[in-house]
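Paired with subunit B in one complex and with subunit C in the other, subunit A is shared by the two complexes that follow.
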Partner chain A sequence: MLWTALVTMISDMTALTLLAEVSGGASDSWFWIVLTGAATNIACALVGCFLVLRRMSMMGDALSHAVLPGLVVAFLFSGSLNIVPLFLGAVVVGLLTTFLMQTLHQYARVPSDASMGVVFTSMFALGVVLIKKFVSGHFDLACVYEGSLELVVLAETVVGLPRPLFTTLVVLVVNLLVLILLWKELKITSFDPALATTMGISATGMHYLLMALVAVTSVASFEAVGSILVVAMLIVPAATAHLLSDRLAVMVPISAAVGVLASVLGYVAARHWDTRIAGMMTVAAGVLFALTVFFSPRYGICSTVVSNLRMSLRVLREDLLAMLYRVEELDRAKRLTPAEAREAIGGGWLSRWSVAALRREGRVIMDGPQLQLTDIGRESARRMVRSHRLWETYLVEHLGMPLDHVHEPAHRVEHFIDEQMAQELKANVDSSKQDPHGRAIPE
Partner chain B sequence: MLPTAFEIHDMTVAYNRRPVLWDIDLEIPEGKLVGIVGPNGAGKTTLIKAALGLVPLASGKVEIYGKNYRQQRHLVGYVPQRESVDWDFPVTVRDVVLMGTYGQLGWFRRPGKAQRAIADRCLQQVGITPLANRQIRQLSGGQQQRVFLARALAQDAQLYFLDEPFSGVDAATESAIFELLHQLRSTGKTVLVVHHDLQTVRDYFDYVILLNMRLVACGPVETSFTNENLQMTYGGRLTILDEAAEAMRQREPER
Partner chain C sequence: MSPQLCLETLILGTLWIDTLSLTQKVMIGTALLGGMAGVVGSFAVLRGRSLVGDMLAHAALPGVCLAFLILGSRNLLELSLGALISGLLAIGIVAMLVRWTRTKQDAAIGIVLSTFFGLGVVLLSVIQKPHIGGNKAGLDSYLFGEPANMLSSDLVFLAAVATVVLLVVAVFFKEFKLACFDADFAQSQGWPTLLLDMAMMSALAVVTIVGLPIVGVVLMAAMIILPASTARCWTNRLHIMLLLAAGFGVAAGVLGTRLGRGLPAGATIVLTAAAFFVVSLLFAPQRGLLAKVIAELQLRKRIASEHLLRALYELNEPSLPQRVPVPIQQIQESRHWRSLPKLLAAEVESGLIERTGGNVLLTSLGMRRAVELTRAHRLWEMYLMQHAGIAADHVDRDADDVEHLLPAALLLELEQQLAATGRLPETITEVPDSPHELGGGPGASP
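After this line comes the complex of A and B, so read on.
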């Protein structure tokens, strides 16, 4: 399952390499910038999916700030910006932060969101104080926020790669390995921590592991893209993928793909409008998310609106048919004109459309100036009226509802009663020939 | 004499020092269908969670087939309350049932063909094979409960703990679940069920645990599910227990 994720990513990367070759290497700095952005975004998206699913999205924000004192202390002890001590510092402080948040919540009865807010801001403040007190010049706070993606190519190289890219790739591989090795453990502890714990898969243990990964990922990404992009990339691609997929094994690769797309689009937009690249990548991710909210095939706003509209049109058409049937039933000779029919179901363009649709479907034809049910039309109308009257009878007989209260509920329910339910209703009512108003229930 | 499947010795469970279960002492022989009955807040769910090691014990011990829970996890299946998980989680019905096999698999190993076969068989047993590929949000309450049950079956346990499997399910599901519990019993499994409907206790169970912060009775339905015991269970809390619990929480002797 996870191989799909791997394959997606590898093919994403090959595509980028190809692009770089095509561009002829005249100025291949864009290639390294996009690649660094993409690697960061994928690394973030991988752990971000689990943050989103565990309803802990803001932990990304919290941890990426809280690790600051860890970074400063690591820097002070090692005297360099070497990545290994920085990672160690981040992991230690990340776990400490997680522990403090849980302890405050559990034992001091601080609400969990408040304990998160208190702990991470305090840690961040501690970090700022440590910098002011002990570090001179080496630490650029502005850089922590915005990153310096533009300068990636100017960085020293490690095994032929710019250092920020190398660091990010290491973290990406670590995240990927953890996901592959502990896929089922991460999945079950996210879905049902209690059951997982009874099986011997410690939910608390997996929680700390995930938090350590988040801490490392955000530290690795700081230098290149800055903390704002990190926070966004931990949440936005994962939230987007959540809207698009029904399976975890699909959601994770989609979130990675969204991350890659955001880095490419963000780069292009930043060049076009001549702004900061990391910022534009965040904006691009936001735009992709917004598009998904509107146009996601299953849970998008548009598809909901469309299906609601389709439903109300169906209800209108069926109401219209049932009405024509009742008119016919009352007076064999009487017919309605299209205008009268439209008026009776509320008027407006929806009713106009409904009449037209029924004629198109051949359920209603024009007989001179008047509407006339066809055989097919009469058949569907008959079923509708039958459901309506069976339901009314049921309400009166079984729920003891007064006569004047049963029409409205039956009118709403009639559209949703299929043949099987109608049979059941029929078997359940005594007077299956007549409804409570004394009208015949059609066979 | 049947072996003892589940045993609790002098167990007290407390949240923030405030005891919610007092000195519970009980023994359940193998192969029984056991109803855990008591009013809201009686500690029914806590009893199960304590047995499964999900909440710490203030004192006493729990034994499963004579040993500590940690050594016997593979013998235990668990169905938590339906509301305890996020039904929007991106998994299909089959994925969830497959999770039942994770305990047996151990760390790092992935479910393979054998596990998928188990999952499919369990899906069939609870009658939801046609729903296997659905995302779990699209199911009705009864169907969701069946998914949980199938997952528990996939755990292939000897002793099952079910937390309110009948809550919010339709009549068809209720009888299907009951049928299944009978099957489990007939293969020598022991099943403990948190249950709310006093009407059906006699029909469904052969053993009953009556609980209201303390153990009122534990034994065969015929001898333990009596009016007198029910009155003791539901006839209001024993206020002295509440008062003592409150005093312990505040760490002040009652004057």
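After this line comes the complex of A and C, so read on.
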């Protein structure tokens, strides 16, 4: 299935290319820019998902800086900005960096984040010095930081595609192939390296492979987006997808989609305000992430707040019902006014809302100025009080807790005891029909 | 000090600064920066927040740009204030992401770092527009650092920041230390850990941002981590680590500026700091790699020597208390040796054995050592068998592993424990019998 996806994707790309050629002229520069941005984003998101899951997001930052001396040396040896030696240099230095970080952490007991910081900043400094010393004039250091997606259309073309786009596509295909071929291995080493090792899959090998991919991907993205913004493309869409899904097979496509969306939105915004495209793509990705943080259906802050609120409302309503039941139990003639009831469960707008909701649900009616349980209301209140007293009895009988300590836990847990558990509790406590305080346990 | 004296010192100091050459100014500035980065970096490294410096450095960019856009000035103080605000905002966002969502610390740092930087790049391009009126010349130095731009006023500013930061650290030393090593304990003792944490982070933010125009973004992150990690190699005590880190920072600043003429100063400073780190990593007395290798070799040598003595004792055992010469061939067969000839030579050197032709004789000193060792070995074997329930055919290997590490106090305890239960053989006061069949050479019988 994944193969079909790959083939579809490549043919889509070809179709888009043809489309661009048909439409022709300079007016379609937007097309190449967005396509390059999107391809970079997808390539980054594919490996980024694993970085996020393995909690080594900062490796993206580290590697994209650390490869600098590798690029310079490769350039010095090959004498050109040909992409193949640059990739080679990046992979070698990327693996070396990974190795150094691990060695520092393992053998010299440098904390893992400090060893990362030590290695990549030193490598970067080395790169800066090498550039100044040997190749000043060929490398624009500012480009390392910012990238210039705008210039994509001015680059020479390879097989009909602008060079940066071509490079990125090659890396995208490589990443996709590795992901498809080693899907199972990458997945298991990300989630449970110890299990992977016992199954004969080399967790270390996968780690180095992933780091090599990150190094290559960041180098391919340098020209277009620069070394810091590539960190955004690696991590932000992946982290967004992580907030939206619990399944890796879903997370990867979502992150790719978020990346594409960020490129399109970023391009539009950049054109609108006439600013840097790569920077705007990053900001767009950040905005998408922020939106997800708030509105993700399962892990968003809003849904957490809403479900917490819903839970407290349910607890309040049930507490109110149980209290009305107890009042009735003590003195058949006594009733509470809504104000008294609200006061008893803590007051405030939540309790006001609870009383109103109970009346709306028909569990409580107004009997003159006072609240009166309906039959349905009394039934659910009875169940609540029953759970409460069963739990108290259980705590005293089986855990030997003192009498004055059992009310509080029972008050908390009564909302979560369903009928089946109540039955089990009933079967486990002595058949006496009274709770430890001497009150009857309702049937 | 009276206020007047303070003022006079300050004025004199300022006058003195004006007499300095640019190189000297740069050197003093980078030294000040290195010193304070070392101090605040120590806390960051110890708390596992090394990369926060990196994040702060990147996240400062939009603040710098906004400060420029709003205030329209290139004043270092005002730009730094903007940087500080956006840096602290970034720290706050990371803390909230970690607290409220399932995004982990590393991803949160990466996201905030890169998104803020992206925003900074966008704002930079806005600033570059002609009608806003700016070339971004002064702002570019925030990316790459330009020590040569240092003015006398910047130097005074740096010195002031350094004084404040060092004072804060000195005043709250005890509190910071506690929050660093045992935050839970600090909290249980009623210390305001959140406030302390924020104070530490703010100090880090201030130093990072002050350093940005001097060494640039990435290399500022290095200045936070490198001197602190270097100092960590040398000591386990916080106050010494702080002093050392400050020292390494200052040295890196001065040497880096001096050595790196014609090269980007930020990079050479960092490379100098990195050189300090590598040297410390290799040669530090306790945590250094070289020290570890030496200790490992010595341990191996000691273990081999102890194996030899015990093997000799066991070969001597049938004829005790007489010491007899043992043929080397027999020793060779008693167990696996890494390099027996070298080992024998070393033992002859230390006077534990004598060689006569193809035979080896324990000296009386060697015999005493051999008796001690064998006793420890057998006691431990017995302990393992009787108290840890390890089978007789497994104890020899386990005992081999630990007998070399047993302290004398534990030996005594074991002995008493065994004696108390009546299991310490009284007949042989020196060495208890081996509880298992002795393997080894053909002549060796228990």
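In this text, the second predicted complex is superposed on the first by the 415 of 443 C-alpha atoms of A that agree within 3 Å, B and C clash if a C-alpha of one lies under 4 Å from a C-alpha of the other, contacts with A are read in each partner's own complex, and residues count from 1 in each chain.
Note that contacts are C-beta pairs under 8 Å (C-beta built on N, C-alpha and C of every residue); 3 or more make two chains touch, one makes a residue touch a chain.
None of the values given here were measured: they were computed from a predicted structure.
Peer 1: First (subunit B), second (subunit C), both or neither: which does A:Ile201 touch?
Peer 2: first
Peer 1: Which of the two, subunit B or subunit C, is in touch with more residues of subunit A?
Peer 2: For subunit A, the partner with the higher number of touched residues is C.
Peer 1: For A:His242 in the superposed arrangement: first (subunit B), second (subunit C), both or neither?
Peer 2: After superposition on chain A, A:His242 lies in contact with both partners, subunit B and subunit C.
Peer 1: Based on the superposed arrangement, let me know which partner A:Glu223 touches: subunit B (first), subunit C (second), both, or neither?
Peer 2: neither
Peer 1: Let me test your reading of the model: by the given contact rule, A:Ser190 touches which partner, first (subunit B), second (subunit C), both or neither?
Peer 2: first
Peer 1: Between subunit B and subunit C, whom does A:Val110 touch in the aligned arrangement: first, second, both, or neither?
Peer 2: The answer is second: A:Val110 touches subunit C but not subunit B.
Peer 1: First (subunit B), second (subunit C), both or neither: which does A:Asp319 touch?
Peer 2: neither
Peer 1: Touching A:Thr275, do we find subunit B (first), subunit C (second), both, or neither?
Peer 2: Touch partner of A:Thr275: subunit C, not subunit B.
Peer 1: What is the contact status of A:Arg55 with respect to subunit B (first) and subunit C (second): first, second, both, or neither?
Peer 2: both
Peer 1: Which subunit A residues come up in both lists, the one for subunit B and the one for subunit C?
Peer 2: Residues 55, 242 of subunit A touch both subunit B and subunit C.
Peer 1: So in the complex, the part of subunit B that touches subunit A is made up of which residues?
Peer 2: 49, 52-54, 70, 73, 76, 78, 80, 84-86, 89-92, 95-96, 99, 102-103, 105, 107-108, 110-111, 135, 151, 155
Peer 1: Considering the complex alone, what residue numbers of subunit C touch subunit A?
Peer 2: For subunit C paired with subunit A, touching residues are 45, 48-51, 53-54, 58, 97, 100-107, 109-111, 113-115, 117-122, 124-126, 129, 140, 143-144, 217-219, 221-222, 224-226, 228-229, 232-233, 260, 263-264, 266-268, 270-271, 274, 277, 281, 287, 289, 292.
Peer 1: In the complex formed with subunit C, which residues of subunit A make contact?
Peer 2: 52, 55-58, 60-61, 65, 104, 107-111, 113-118, 121-122, 124-126, 128-129, 132-133, 141-142, 145-146, 226, 228-229, 231-232, 234-236, 238-239, 242-243, 270, 273-276, 278-283, 285-286, 289, 293, 299-301, 304
Peer 1: How about subunit A: which of its residues touch subunit B in the complex?
Peer 2: Contact set of subunit A toward subunit B: 53, 55, 181-185, 187-188, 190-192, 194-201, 242, 245-248, 250-251.
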